[in-house]
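Just so it is clear, A, B, C, D and E label the chains in written order, and each chain counts residues from 1 on its own.
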């Protein structure tokens, strides 16, 4: 921001200002994360006592476990499709709501509502909506039996999860993207109109490029958000099934640790996931973030 | 602007209708189911159309469950989370942006990293810390051998204990340990005119005065937007309150709601009551959204002011 | 003393437990128990683990059958029989005792909300299809199912394919082992064998029957849940826990007639006992005397016949001490539907036993249940054959056992 | 005119506005019905105070704002209901509105790309324009990395590359510093000479208006105060508003009273001969006032208030009949501070305006 | 001077910069060590092209930027390490930087409030300042509801209310339109006369510099090119840089060669007598060039390129010895287009500069 030397130069005040948050973060984020890393090198008994240092054994075991890789791939597929859709759909909605049409105002309100509804309670409803016999796809099913069977077919279950995830992800991304669209200078649109670009074309040539910073922000946050929200949805809709088809890494970590008492395995997977997510986000910042920071 | 945007406006209208239906559909089904009787559900499954039992079901929520008390907890947790997040994020973003400190970048990176790992995957170890927030200190004393020395002098080693489980503080604190707020505030500060900062310095304002007299008033909409967002996510938190609160009068409404779903496979959940509960539990956040919706868009617009 | 009791149930069961706690607190003034619902067995156990490590765990904790070995080796609990030597533990029915006993015959946990597997039919629908005799064997069930199907019934038989139902209870009553070393009772070095027993054939049958449209799983039903499908009349027969009887009976009221019997056998197999399901209560270590006294008082309280009857009536769980049956008989409500499963359940659990039907004593078994479900669901979905699925499940299960063995290396099994 | 110039010479078009009006709602009438004709190839500067409707007028011509009434004809076609792209106008915006995500080349080429021109042709056209504007070395850069003057040129390049018949500028120089502004002004004049598009240039800088315009359109609250050549506007302002708006410092305006033979200031001094009765406003430009040595003849005395020395000339402020009057003196004329001055207001340089309407009354003093 | 003026008359302070330098890092030396003294009560205008370090200099005085070396003494105190608030300076920013959430009153009163002044006293002081600046009616408004000129006055009010010994302005007029700018300039001059604070005023507008300054400090890449009165700077520029920087249009600069007796243009014409040998640069201001009728004497012929008519005068551009030369002619001098012109470059108006260093060579032609 301002050139360095005109900033406040206090020794202890900035420390004091970041201290409360940093303390909380250290205590409730870094200590647990460190603990997880620590456990990943031990064979840990659930109730403590007799934990055994095993070096990289846990990693070797986890990495050799096909279930881990499958869950990993599923996680990546989910992250990519869910977060793409959870950004793309709000983007389309925001583009629509940014226009001066009568529906825009009510839409701006209604589209934020899901933010107020807990994922856990909406899961039940989505399970119902996508019920193959009584849900909205039931007619399809009676015409082509078993074409839609989320309880049996992993892909269908996956789609159900994504639909529910996108539902819950709309508000935040919609708000951010709409704010971005509204801050595009009016003259920019006018200039493009003078250049002969119609409203459709302007979307791609002007509006989208200019909200790249917001798109980037939502995409980065969405990548991690998809992991978090997936958890609640899997827990209420599919329980990881059928046949493990919706067992994402987070859910696997949770069940391995929670119902399997495999603290070491869960911690090891957490450690691997952490490294992966951190690398991924760093890569996003490096490759995407750099290219879209143009001054206006 | 004169534009022949009929096709686009029609498309936009269509998109918005689809979007609204997509959003309202599940909410409608929730409401429809909430207004049916348990017997209806036993016979038909969830409901596509509303019945007349909503108030009976809602009354049941108020008289038979802990949800009314738990909504107070939710209020405390969501409000505490939102308030603490806003205040602490504001302070740390302030320190990072307006002070000449070499460690600003490192601290910002440390704070930002928290966005990437949801509490769901570190809940086990987080619970451990919450059950004794001094455990890291104890561990440190043990590892460094200090405790050995202390034990030699005083006879007993230091073992500090403070469990925040089943307290409002414990429900809130780990939720606050998150970097989104700091990130948003930093972005917002960077868009404020820098001369404003210089002008305040010329007027003799020190860091504290600048914060309270200039920065805070100017951050109002961002503050409000972040507050709403954090409030909502605090209200809808599930796993952490479930784990961190052990008594039902400390639990939050969303957890209480999930409790209405029976665990035994023999039972059919009382969906009308659960959905009525979902409606009751969502009233406060929905009201909040309806009221503060415009601050959300305003407050998140990162444009040069 | 003030003590805490952690449990995992929700819904009606939770309400009953809370009522019991209130009754206990009202009945005496020496102790006060705070009953803390944790939302699920898993969460409850996970919190107990963390709490135990942080040394602020409760005195009493309830846990379900599958976690028995994990707790036995945890070094975090003491056998109830050690703490309460004066109790007449013989009063517990053998089927319940066997599951929770140490090799020395000491009861480790006090059975609490117990259940076992039963067979339900919708008599009205069966008769409509011309089936007048309630089936008792799989062969009869399938015959009836074919009739039902022929009569246009869409869902003759339903189950959810849950490990407990299709593997544990099936193997036990057919006298089949699930794992070597008598399902682990004789040592940590056992291996899974279910993929080689008749259970594998049964599971393959289920796949075939499902293909034929005779058997439906959760996801095949309109209700999305097999219990609900039975209760609404969608499905005519089901295998389910005794705990579901209350709800089913209530749902049938005025519409259908319900029958409930012991779980079906294959012809030619001798019937053995079914296993006790549900959960039991453990006493955790490292509590002072006063607290242990409180715990003892509470355990004594819930063991009382009238308390067991209360729980049975409120939830459908099966009473597990012999004196309760007498009490029920005396109560004059012996034929009341709320006790309908009590005698049946006890009878089922009291069938002749072999060393392979004592129960399950396998490490990381909760996780194994999940593995089993995951793999068999793949087979039901047609992705692979049941045998391949079971072989995979065995392989993954054995890995769990080996890791368990390694984790508890040097710990002696009780 | 060389090959490059020829390559982009535009087909200039007449612009005719008939009864064009703009109101945002019943209360905010920004422009009352207006008739005006801008000739093909002419450079028209629209001048007026902030908020008078300059941008609105421009945007109605461009199609960025809808007219509330009236017709706009460009090159013989009625365009008031057409989209911007069908009007053959190009526009340079005040803040340039360059696309920040596109290179200079892409910025300039964008309209060609939209119109579907082949790539090779595009490269050639942009090359020609860039050469003409001295941008050839910057084609690969993003606008964020250009200086103000360069950005301005890109904005112009973007506008002219389509060879529009009409070129519209909305205060394109107002963001530049004085020196750059001066240079760009010269370049713009040169450019117009070369490409010859009908040009409408909005500004509120009168030096720009005076130097660039073929004709100046002076707006006041949406109404045309005067539409004439710079010379006519400077020397024959149609109203007090115009007189005061043009010139730095502006024309001095003094209230006078006519008694049928002479005009007198508020303090009773006679400033001119005229057969007029009643109240008027008398105007004289600072540079038209001569400083005399004695008080005889037309000369009127006053006290010096202050002086501003601009190097090339100085501005003196004196009090005359209760008003402040500014006098521009050429370099070298040394006038002592704080003394009385004797001013000569040549009759041929005087302007008379109606006291109420402010309209000019030409011919009041012979020559005018 | 009335009571109001007295009430805020500041205790003006000397400002002495000794060896003050600024470098952001080893490569970006913005200001090399500089010595300068600004006298108490003096109005100094800092002038220079964009990026030359004007704002940096101001901010170092204000304490908003740290000096990389040297000392700053204000009113006898070394201040270079003090916080802004302890330096007794006040500052007016380019875009005013008014606090958007505070009323005009609060904006002006803020520094007093920070310093802990009692409320009653504050109200009185702000009242005085507001009255002086004509803001009394707007004290309750937020800056968003003020016009540009009013905002500017609030910014000034905020600066002077503390009665600073030093008043710093960083291009305070650059965001205003031409007319407002002119008015504010006059007000500023008046204000300085009243309160008498030592004033440093950064601008890149030379009209402002010429009219406001007691002395002008001309910066070029962080170095002082000249520090003198406006008159001296205009008439005796110390270098080609200054000569070309001041004046609109700027001084004409022609390369000449001396052969020991006369100076010749590139085309061989003799422009002046001088006993000089070698290459030089000859300067003459547009308004100093006289147009003659015949070619005899000093008169040199050239061809007219174009003219700009500004009303009060016209600028002619002609070619002379390969360079473009601008001539300012007073109004009324009618010169036919496209004809040859005969120019008279009076020796007394000529400036001679070293060809390489660009430094002025005073005395080359007697009078200079």
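Just so it is clear, a contact is a pair of C-beta atoms (placed from the backbone, for glycine too) under 8 Å apart; a residue touches a chain by one contact, two chains touch by 3 or more.
Labels paired with UniProt names: A = sn-glycerol-3-phosphate transport system permease protein UgpA; B = sn-glycerol-3-phosphate transport system permease protein UgpE; D, E = Sn-glycerol-3-phosphate ABC transporter ATP-binding protein UgpC.
Treat the numbers as computed from the prediction; the structure is a model and nothing was measured.
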Shared chain contacts [chain B and chain C, defined touch]: A
Busiest interface, counted in C-beta pairs: A-B
Separation of mean Cα positions, chain E and chain C [Å, integer]: 92
Approximate Å spacing (C-alpha centroids) for the pair chain A, chain E: 57
Centre distance in Å when chain A and chain B are each reduced to the mean of their C-alpha atoms: 16
Where chain C touches two or more other chains, by residue: 43, 46, 49, 53, 222, 224
Multi-partner residues of chain A (at least 2 other chains): 5-6, 128, 131, 134, 190, 193, 198, 257-258, 263, 296
Numbers and ranges of chain E residues touching at least 2 other chains: 59, 64
Chain pairs in mutual contact under the definition given at the outset: A-B, A-C, A-D, A-E, B-C, B-D, B-E, D-E
Complex interface listing, chain A residues touching chain D: 185, 187-188, 190-198, 201, 205-206, 209-210, 212, 292, 294-296
Of all residues in chain C, those that touch chain B in their complex: 4, 6, 8-14, 34, 36-41, 43, 46-47, 49-51, 53-54, 56, 160, 162, 222-225, 227-228, 231-232, 240-241, 243-248, 251, 315-316
Chain A to chain B touching residues, read off their complex: 1-2, 4-10, 13-15, 17-18, 20-22, 24-25, 27-33, 35-36, 39, 89, 92-93, 95-97, 99, 101, 103-104, 106-122, 124-126, 128-129, 131, 134, 167, 170-172, 175-176, 178-180, 182-183, 189-190, 193, 198-200, 213-214, 220-221, 224, 227-228, 231-232, 250, 253-254, 257-258, 263, 266-267, 270, 273-274, 277-278, 281, 296
Of chain E, residues touching chain B in the complex: 59, 62-64, 83-85, 89-91, 93-95, 97-102, 110-111, 114-115, 158-159
Of all residues in chain B, those that touch chain D in their complex: 1-4
